[in-house]
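The letters A, B, C and D name the chains in turn, as written, and every chain counts its residues from 1.
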Amino acid sequence: MLVVRAIQATDLDALYVMATQVGSGMTTLKPDMKMMGDRVAIAVASFAETIPPEQRDYMFVMEDTDTGRLAGVCAIKGAVGLTEPFYNYRIGTLVHSSRELEVFTRMDTLYLSNDLTGSTELCSLFLHPDYRTGNNGKLLSKSRFLFIAQFPHLFTEKLIAEMRGYQEESGRSPFYEGLGRHFFKMEFDHVDALTAVGKKSFIAELMPRQPLYVAYLPDDAQEVIGKVHISTAPARRLLEQEGMYFEGYVDIFDAGPVLQARVSELRALRDSTLADIGPTTDWDSACAPESSGEPVLVSNTTLKDFRMILSQAIPVNGAIALPEAEQQLLHCHSGDSVRTLTLNPRKNNG
Amino acid sequence: MYVVRPVELADIAALEALAAVPMPGVHTLPKTREKIRAMVELSIASFGAHVDIPSEEGYLLVLESQDRHIVGTAAMFAAAGSNGTYFSFRNDVIQQVSRDLNISHSVHALTLCSELTGYSQLSSFYVGEREHGTPEAALLSRARLMFAVLAPHRFSDRFFVPLAGVTDSEGGSPFWDALGRKFFKMDFLDAERTIGGARNRTLIVELMPHYPVYVPLLPGDAQAAMGQIHPSGELAFNLLTAEGFEADDYIDIFDGGPILQAHKNSLRTYTGALQRRVATSVDTPDRGREPQLRYAVSSGSEHDFRAVITHCPALDSQLSVALSVEVQEALHVAEGDTVICVRI
Amino acid sequence: MLVVRAIQATDLDALYVMATQVGSGMTTLKPDMKMMGDRVAIAVASFAETIPPEQRDYMFVMEDTDTGRLAGVCAIKGAVGLTEPFYNYRIGTLVHSSRELEVFTRMDTLYLSNDLTGSTELCSLFLHPDYRTGNNGKLLSKSRFLFIAQFPHLFTEKLIAEMRGYQEESGRSPFYEGLGRHFFKMEFDHVDALTAVGKKSFIAELMPRQPLYVAYLPDDAQEVIGKVHISTAPARRLLEQEGMYFEGYVDIFDAGPVLQARVSELRALRDSTLADIGPTTDWDSACAPESSGEPVLVSNTTLKDFRMILSQAIPVNGAIALPEAEQQLLHCHSGDSVRTLTLNPRKNNG
Amino acid sequence: MYVVRPVELADIAALEALAAVPMPGVHTLPKTREKIRAMVELSIASFGAHVDIPSEEGYLLVLESQDRHIVGTAAMFAAAGSNGTYFSFRNDVIQQVSRDLNISHSVHALTLCSELTGYSQLSSFYVGEREHGTPEAALLSRARLMFAVLAPHRFSDRFFVPLAGVTDSEGGSPFWDALGRKFFKMDFLDAERTIGGARNRTLIVELMPHYPVYVPLLPGDAQAAMGQIHPSGELAFNLLTAEGFEADDYIDIFDGGPILQAHKNSLRTYTGALQRRVATSVDTPDRGREPQLRYAVSSGSEHDFRAVITHCPALDSQLSVALSVEVQEALHVAEGDTVICVRI
């Protein structure tokens, strides 16, 4: 069985092993024992609430309870950009219009901004290739939304997720070649590596400060603005199902989209419900929406020992008949409250 | 002897003939009889006007050959954009330094600006094929500044001269294609026709980019065209840079052609102009005893301005200049009058 | 009884009479017979679908069917800024940070933008003073959301509403005095009047183009950014209930907020349901959420003759027992479909 | 006779005494013995260096009184910001015109720029109370440019001079309070201390505004301080504007003080410098027969530069200048050597 749970200090070695299996492109999970140790320590302090909310970094691991092996990892950063500036390009519109000439030109523009400063960030998602089947990816990615729905007071209003931008098969980033290279005069991978290790002051020093008209860029650079890397497309779809949208912010190097949501508008906040573990009555079941065998995310309600599984049980009018084995995975007992959310969004009945 | 003098109504037909010569760019003579007449009338009114502060005056000088043909034109406008603003791109160089990365380089950017508004503008410089490269061509170009030395209240302390940029064989402009076209949505020639060559129109601020254009983002041919002159402008360019004009600060917003500019104190005509009294030279056989230098000489009257070339010994330590009777007649001056002399 | 309905050409005179009763501050409903006639003609063409969606301007009037008198008006513009540039200030964040000095400064900035170009706009809301009681204001304002929910394909993704900005009792606008006056050198009322009559090119000509740091403005100007006029606060609350948010765009003159929403995220789109007019069964009623006497917006589903009322009937499992009188107001009959939405949002059951 | 000469190691103590005199602003002498020594050593190395392209050289001249006291200092830096960029605010004037509304006005904006990078910088001008307003003060200021005339390869074609801006009685700066403080979050004096008076540091681009500051939005006292000099800078200001420097284009990013700048061709020292051979003057009783003019004279050697004031008849049309033996000794020149002379 797979359980997604708050990381613990003892997970460090297993995490390191997994990080060695992450390819390039994920910049936040480098197999560096020192960096990783620091990060796990912060995560443990975050769940223990011994550091302030904006410094927290909630890391979750997916554990295969049959083998004790780690199958994946993901995280929620309390707030970005409060110690190092967090840069994005924001896509805006400028209209150039002359009544005299009857010219009306609508131009896209890129503004270098720190607008997302202070947002909560979903990041560091990695699922081991051995586990890339069935609903595992969804379970891992969406676990974070259920966590936020259970503890919304820990988060700022704005939630973001940076998506890896489009690259050609050769690894060439058309956006970087069309824009960044002229100012940084180095290879994309090098820039990427510098930002990964936190060396970001060069951005302020070298990046053009003035708004840019997109029309100045080469066509291939224009076309990939807001487009994700082909391997990131499924992750993007999962987040969009949960109510996250591309609102016009992109990465300054590869123009990958930033997905955003108001925490209060997330599907998890609108549709997740609390239920007590216990039997459901016939009467309740009769009025319940038809069961379609739709799996449900179920979590306990404990911050320090947050755990979540995927279940076939259906919550009905505030009760859920959770099998004993699943209760154990959640460290719960009959009568405890759990939070539930259907794995997939329901279609609008409009 | 060639004479530079203000244009007269009688010159209109001759100017029309000159205007029929194909010339690129928008900084040349007007093309239609109507517009030529307007320019001539403006010039006559301007020379005749009493001016306190430079404003909408425009002055047109012509170069008249020995046989009384008009073989060149050169104009001055007292204050560019005086009925609006004069827009240009300023060449900005942004220094970029990252100590962390040990990187240091500069980025070239173009910023739409109106700094040249109120400068005096020189334009419409043209000389015929035969006069190309002659001292008379230099006289024509420089006579404008000699008039400004004579009547400083009619001009700004700063001058600029836009020169036509490069165009391809179809009249297209690679600079325009990379920039203006994206905002105007029309061809270069259409755009120039539409705005009548003006650089002071509201629609420029409505349509042109509000933010600096980073040059490295422009296509190679557009970058190459920046600050490049059309071959027809080389003579003017050479004369003006020799005069002290500098070409690096501004370019034209449409075709990227260079805009030369200078503070008057940097111009050779200003620093080298000598006021001297007219004496009559005697044509003696030992004229060669002192080395003869070439001077541009202009009459000292705002309202009857004329300029010619003459040769005489160095004037630096003289109080007067010896001019032949012929030259005096050409300048409309007599012994005892003051003239302005500049080495040329 | 009050019915909100699509405007008709014959409403022009009554509309003019009402416009003479609008105070200053509403710039889109001036008592000018020519302007008003043009606008009604466009509205009629909009409901008849004889002009393209982006040119449409759906105007609704609230009619007192007892007297035949017009009690209010409101409108939805298909798309703004497609013929004249539509300007706003967007509030952004720039971080100025120096590790060397340990300085980290977060600055708000104002960007002159046309970002909202093409958005659908809610506008021209006016309720006659005689009718400012009970739920009339809500009915009028919210009618537009039910219309959008019924015909979402007619609208762009983005919905906006401009709110009148803060003014002192004297009519002084601290934001205008702190910013616009330096560039326009004229009185606020004059600027306001110019924009009302569509003379907007002076904005491009005179407004500072470069991003502005808010910190440069006087304190009283900074404080009112995004604040509504005191008389507009109730209207703002109504729109916020429907899922519209202040997302950082403000008016360039008085800094009044623009409220925004994605059409698909509006409460009306999520929660409104279709129901057939007819009796409801006991069984259905038994499973229905407890009736709390909560009034319900009910509209017909006809674009050309759109009509809407407030009812006490409750839709249950796709049926609604609508009284005969109300059916007549909606020009509906038993068996017809109607769209329903509770007047007030339900509390989250989280 | 007062002599201007390069600083020497033996001058350090005297400079320290001068530095103890309270002077506002950051463009004056360094304050600590250590920094004074560094500056002196840099100057000695720079005068001694073989220079192809102006770079990090700094030159310090001192004014020595008759009794061999050091009563003034003046410095030049070959290329400002050569180890980074030199930041300043450019005064931009944005013309605004609305034909619809019949409105036309201009808006003043300040743009952070690095255009002065690579210019040669004059600074650290100081003369004692007694020499204020004397020709010797003018000599000291101008001697820097005479050296530049002598050794043009050591300097840029353009020069600038930052002058201290106005501060209140507590050392606060109204300009800083309206601008820099909002980004640096510290007092003016703290900020100046922190960056050591430099205008070339990375942290400036990190912290200072990236976008133009519209001047009408600044409080009145900050606007009033823009381009205003501290009273202590008036002498330098008057000498430099008389020389041909212009004050309107740039101001300091911290205190808003004026930055004077000029192309060398606009400077009187450049346009008026005369190279003349040294002759020995004879002190005759009829010395008064020709009007005596005042000249600054400097030796013609890059590596032993000295300048004094002398009086002699107009040199314009002379090939040589007659200097007394005393002056020749002060300049370390002899008959037949070349010197540079400028009216002063």
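Note that contacts are C-beta pairs under 8 Å (C-beta built on N, C-alpha and C of every residue); 3 or more make two chains touch, one makes a residue touch a chain.
Only a predicted model underlies this, so the values are computations on that prediction, with no experimental measurement involved.
Colleague: Can you list every chain in contact with both chain A and chain D?
Modeller: B, C
Colleague: Using C-alpha centroids, which chain lies at the maximum separation from chain A?
Modeller: B
Colleague: Hey, how far is the Cα centre of chain A from the one of chain C, in Å?
Modeller: 33
Colleague: If you average the CA atoms of chain A and of chain B, how far apart do the two points sit, in angstrom?
Modeller: Taking the average C-alpha coordinate of chain A and of chain B, the gap between them is 63 Å.
Colleague: What are the residues of chain D that contact at least two other chains?
Modeller: 94, 97-98, 202, 205-206, 210-211
Colleague: Where in chain C do residues touch at least two different other chains?
Modeller: Within chain C, residues 94, 97, 201, 204-205, 210-211 contact more than one other chain.
Colleague: Can the chain contact pattern be summarised as a line, a ring, a star, a complete graph, or none of these (other)?
Modeller: Chain contacts: complete, every pair touches.
Colleague: Can you check the complex and tell me which residues of chain B touch chain C?
Modeller: By the definition above, chain B touches chain C via 202, 205-206, 210-211.
Colleague: Quick check on the complex: what are the chain B residues that touch chain D?
Modeller: 81, 84-85, 92-95, 97-99, 104, 113-115, 117, 202, 205, 244, 246, 263, 265-266, 271, 316-317
Colleague: Going by the contact rule at the top, pick out the chain C residues touching chain A in the complex.
Modeller: Chain C reaches chain A through residues 81-86, 90, 92-95, 97, 99, 104, 106, 111, 113-117, 149, 201, 204, 211, 243, 245, 262, 265, 269-270, 272-274, 287, 348-350.
Colleague: Applying the document's contact rule, which stretches of chain D touch chain C when the two form their complex?
Modeller: 94, 96-98, 100-101, 103, 105, 107, 109, 178, 182-186, 194, 202-203, 206-214, 216-218
Colleague: Quick check on the complex: what are the chain A residues that touch chain B?
Modeller: Per the stated touch rule, the residues are 94, 96-98, 100-101, 103, 105, 107, 109, 178-179, 182-185, 194, 199, 201-202, 205-206, 208, 210-213, 215-217.
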